[in-house]
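Before anything else, here's the structure in question.
By written order: A, B, C and D. Residues from 1 in each chain.
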Amino acid sequence: MSFPLRMVLHIFLLYTFLSCTIWSTSSRAADTSSQALTILEHAIDHWRGTSSIATFSLTIHRPDFERTMRMKGWTKGRQNGLFFVLEPPKDAGNGTLKKGREMWTYNPKINRVIKLPPSMMSQSWMGSDFSNNDLAKSDSVLDEYTHRIISEEIINGLTHYTIEATAKEEAPVVWGKQELLVREDDILLRQSFYDEDMVLVKEMIGSDIISLDDRLFPRRWEIRRANKADHYTRLEYRDIVFDVDISDTTFSLMSLKQKGR
Amino acid sequence: MAIVTVNNVSRIYHQGKTEFKALDDVSLTINKGEFTALAGPSGSGKTTLLNLIGGIDTADKGTILLDGQDLSSLKKGELADLRLQDIGFVFQSFNLIPVLTAAENVEYILRLQKIPSSIRRQKVKAILADVGLADKADQRPSELSGGQQQRIAVARAVVASPAIVLADEPTANLDSVTGQKLLDLMQQMNTDKQVTFVFATHDKMVMDYARRVITLKDGRIADDIRK
Amino acid sequence: MYIILAWRNLWRNRRRTLIILTAVIIGISSMIVMAAFSRGTVQGMVSNSINNLVGHIKIEHQQHPADPAIEHRIITPEKLLRQITAMLPPGSRVVQRIRADAMLSTSREHVGLVLVGIDPDLEQGVSFIGRPPAQGTLFGNQNQGGIIVGRSLLKKINGKLGQKVVITCQGADGTNIAKAFRIQGVFATELESTERAFAFVQLHTMQQMLGVGNDITEIAIQLPDNNGNPPVDLAATTAFLQANVSDKQLLARNWRQMLPAISSYLEMFDGFMLIWYLIVFLAMAFGLVNTMLMAVYERMREFGLLQALGMRPGCIIKMVMSELLLLLTFGCSISSVAAFITVHFFFSSGIDLAIFAEGAEFWGISRIIYPLLTSWDIIAANSVVLLLGMFTGLYPALRATKFSPVQTMRHV
Amino acid sequence: MGDMILAWRNVWRNPRRSLLTILAIVFAAVLLVFMLSFQFGSYEDMINATVRQSTGHLQVQSPGYHDRQEMHLVVADAQHLVAEIEPINGVSNVALRSEAFALMSGEKRSRGTTIFGIQPEKEKKVTTLPRQIKQGRYLQKGDHGVALIGSLLAKRLQLTIGDECTMLGQGKDGSIAAALFTIIGIYTTGVDAVDRATVHITFADFNHIFFMEKAAHRVIITAEHLADITPITQALQSNPAFRSLTILTWDKLAPGLRQSMELDLISGIIMYIILVVVVAFSVLNTFFMAFFERTREFGVLLSIGARPARLVRMILTESMLLTFTGIALGTLIGIGLTVYFSHQGISFGDGGELLAQYGFEDRFYPRLSWMSACLGPALLLIITFFTALIPALKVPDLKPVDALRSC
């Protein structure tokens, strides 16, 4: 779809949406709920693809220091992921395997694969502001929440949906709600995490949208805690390929050990 | 010159609900240098009168002047000082402080008067010689005979040159020979040093020695004889 | 006859008798009151520990104490429970629990703790969680998603009733499990560390969550109440259970085995109390001897006279001793009553050690100490005073016989 | 022949009675001096035990570390600071310690634990850990790649001496820290939390693994005596090198400890007061008797002109002489006893083992101090003084005539 056409479509959609809100506020909730979920699913699939191989850098910023790692990651579907540190040399070879909600870690110095026990899941991943849980449960926003679109806004001609995901009663998630900003072209721009009292805890913000492997994509991601300006982690994609054929054996303990070496 | 003036003094004791008039409107005067005995049977009021004069008991009515001072006007502490300065006491028995030696017993009163120790020692030495017990100075009361104890008591009573010495039955616990010796001593003090003595006694011998005998009966003066 | 004579003699010098009586009463009653407080403290310590999910006897997999992993569990315990109940004396309580290390998370805090699955109805009188919670309610059967946390933990995570928390732990198959619970109740215990260490959920909720069917990790047994004292046949019962449970993988231990430190402290405790009695007694003894000596010397002439009249020394000793016996018995009875009143009326609500809360925590003792008056302490304190007191009376009594008639008659 | 001598002689009028009274006071004084020394001694032992196991008398930390043990809150140039601290008067040992939370794994099991990096040669002087090694040996200088592990943790991870275990955590800069260790020692401290979740490695290994550079989390200072803590603190505070750091004393590092001792002291003092009151009542009788049998004598003294105040003073002097003699003797004996046992120690028999488990010595050593030697006797003096006042204050009410009449 070329850019002008998309824009026309957009304006059209917007009008329809607005008229809908005017005419049928009552039916909106059910509608937006499934619509919101669809938008989210698309966004997450867009971000990850059916599979992907990427190299990226992870910069951890603290008031007194900053550290950057270069990493490589494989993902397949919503469940599987494998990440390795390439640089700096002292961290190189450290790997993380995610299968479903289980995680294993590999360290070349000790040449061991260790399964992360529940007590470690809340610890930070690779020293970043991501916890192991954030990684292990990255897709929980789809299953464990109910969704609705709370606002739509057109910026630069593109509709930006703000989707509120409220945690389901029984969901094993600590957040009260999440707010996600998704552009109509399935690009996730912001993910905000709120506690049970709906107070903002942390935020993940995407920026610098470029085309990578023919896919528009925020190249830079920053995650920061609320009220902590100089305390953040920045993830920047170097390159990424989507929808490549990755064998299931890639996501095995064996390969975690081998790839790291 | 009058040392003691007793004016219309009464003293009433209460024993339960019954009243007992120990002294009933008694008046008398005792002059300096007198050697007087208050006589009378038990309960006649002689000891009461002696105690009133000595300021260790207080009258219910009337006034007592000692050396011109009205005893009833004095506070407890002032009364104590008056006794210390102007009165010497000799009692019937248990006169002395058992833990002090003869000399120390005598010296004690001088200490109370805050007399410097050098003078104290001289005075004690002299008075012990006067009572004939210089050699017993370092003995405790329990090591002395009854007569010796009373002599020490006399020594203590006169050592500070009081205006008057009051003696309550001083010979009661002594045999007659010892009693006589004690009376000789006191008489000697009276003549030599002009110490005024007042006795409360029913000992005939004391009355013989006395130059004035005031006889009390039922709290009143029955007789006042000057020899 | 002796007693009447002794009684009258005692009151010949009222002030003296009253003073020594006061000394005796202060001595004995403080002995007993202090003992009651010490024993209350220790008993509190013991029952805190027993209530702290220990119980009188605990049965678990023999590997579980060292390695409390879920695989060391008691498989299908129904039969075992019936077996055990049959072996216990009537009035015993048997509860089953399942416990696992878990992570409790809120959006801001993550706390490691031990999650215990319980049947709240059965826990009453067995552990602290059987008591009504400080806030909120215990969960009933219908409520699957409730969790009860400790007061200190709630403060630490800055939480409130009704708040959602996520529990993460390892299931029986080794996978990570996460489940949401809502804080339904808050328990308070004597020890802050306990309030931070445990959280409770329904037994079957936890069994489901871990995927263990009806399996449990421990059986706790509370033996029948023995007037506040630990059951006497504890060791025997434990051994009997151990010998007779059909599953040889299981280990039965009583609290004395599980809490050796408290157990050995308890063993030393009676000794400490006796030492304290002896010390107070000695302080009193000098006064006793002195008073009796005075009483004897004052009546030197009387004793001399009595001997002159032909009374034998044995009788004189008897006379003096009966006076002392009367004094001591009188003192002992008043003191015991005084101690009883002090403990039951003045300190019935205990002593609050709030200002020393951290110190109390350090010793593992309760924040509020309730005195515990036992017959042992009353008897021990009274017997120490009576027996040794009579012993000290021998000296003045013997002195009294030494007064020779002639000598004392002369003495004024 | 001062009043003092008079009083002294009066004291010995009834030697048996006075002796018994003095003995009662001696007994109380001996007991108080000894028990207080014993209590203070055990407090010092308690402080030292805690201090040795973990906190030290003083610590220098990065601000905020005490509240939240975050890896990056470090004392940067720790070695340099040690050189600054060591010459200060009263400092007996300075050790560096760092700690991190990490995942320890054995063959099959993993568990989150606290890893301590310690300087074995320096820690050895202050820690009880070497004595609590139940298997294997303590760390040595120059050890590399070896670890000490708590006994409960060892059981849990199914590890024993010579086994390898891995450790995975995060370095100071957030990078991944991982290492392989051989277990060389297993310790049982008796404190479950320690035995269940701690591991000790050398400071050098720790620095290397956790990328600490020259930093440490805690500079642990041990003082020669408790009394040295304040001057050391002052010395540190005045040194510019410590300006941006926090200096914490043992009572802040182990907050329950001080209160626990206060609690113990208060219960002790209640016991002592009871004891002293019981003694005081015994003594009161003596004082009263001494007073009553001499009423007549007081009458004579009043008659010859002694002021009542003088007699009150005399009676008080007598009582106090008695008390002083008792207290002086008792204090001396108490001090002697304390000194003897402070060398000899007091064994607690079976209880000793229990105490040893908690890092206490199995023998207790009473410690004599001005405080322990004076507190009890002072208490005794005050209470007996008021006791003596009771009969003495009856003198002003005494009428000479009545006194003379009494037998």
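The criterion applied here is as follows: contacts are C-beta pairs under 8 Å (C-beta built on N, C-alpha and C of every residue); 3 or more make two chains touch, one makes a residue touch a chain.
All figures in this text were calculated on a predicted structure; none of them were measured in a lab.
With steps allowed only between chains in touch, the distance from chain A over to chain C comes to 1.
Common neighbours of chain A and chain D, listed by label, are C. Two chain pairs are in question, B-D and C-D; the one with more C-beta pairs in contact is C-D. Among the chains present, the centre nearest to the common Cα mean is that of D. With centres computed as the average of Cα coordinates, no chain lies farther from chain B than A. Once the centre of each chain is set as its mean CA position, chain B and chain C turn out to be 73 Å apart. Averaging Cα coordinates per chain places chain B and chain D 67 Å apart. Chain centres here are Cα averages; for chain C and chain D they lie 27 Å apart.
If each chain is reduced to the centroid of its CA atoms, chain A and chain B end up 118 Å from each other. The set of chain D residues that touch two or more partner chains comprises 112.
Contact of a single residue of chain A with at least two other chains is seen at positions 115-117, 119.
Viewed as a network of touching protein chains, the structure does not reduce to a path, ring, star or complete graph.
In this structure, the chains touch in the following pairs: A-C, A-D, B-D, C-D.
Every residue of chain C that touches chain A in the complex is listed here, in rising order: 101-103, 105-108, 110, 112, 145, 163-170, 174-180.
Contact residues on chain D toward chain B in their complex (touch as defined above): 1, 6, 9-10, 13, 296-297, 299-310, 399-401, 404. Contact residues of chain D toward chain A in the complex are 72, 101, 103, 105, 110-112, 166-168, 170-171, 173-176, 178-180, 211. Of all residues in chain A, those touching chain C in their complex are 101-102, 115-119, 121-122, 133, 136-137, 167, 169-176, 193-196, 201. Of all residues in chain D, those touching chain C in their complex are 16-17, 20-21, 23-24, 27-28, 31, 109, 112, 152, 155-156, 158, 190, 255-264, 270-271, 274-275, 277-279, 281-286, 288-289, 350-351, 354, 357-358.
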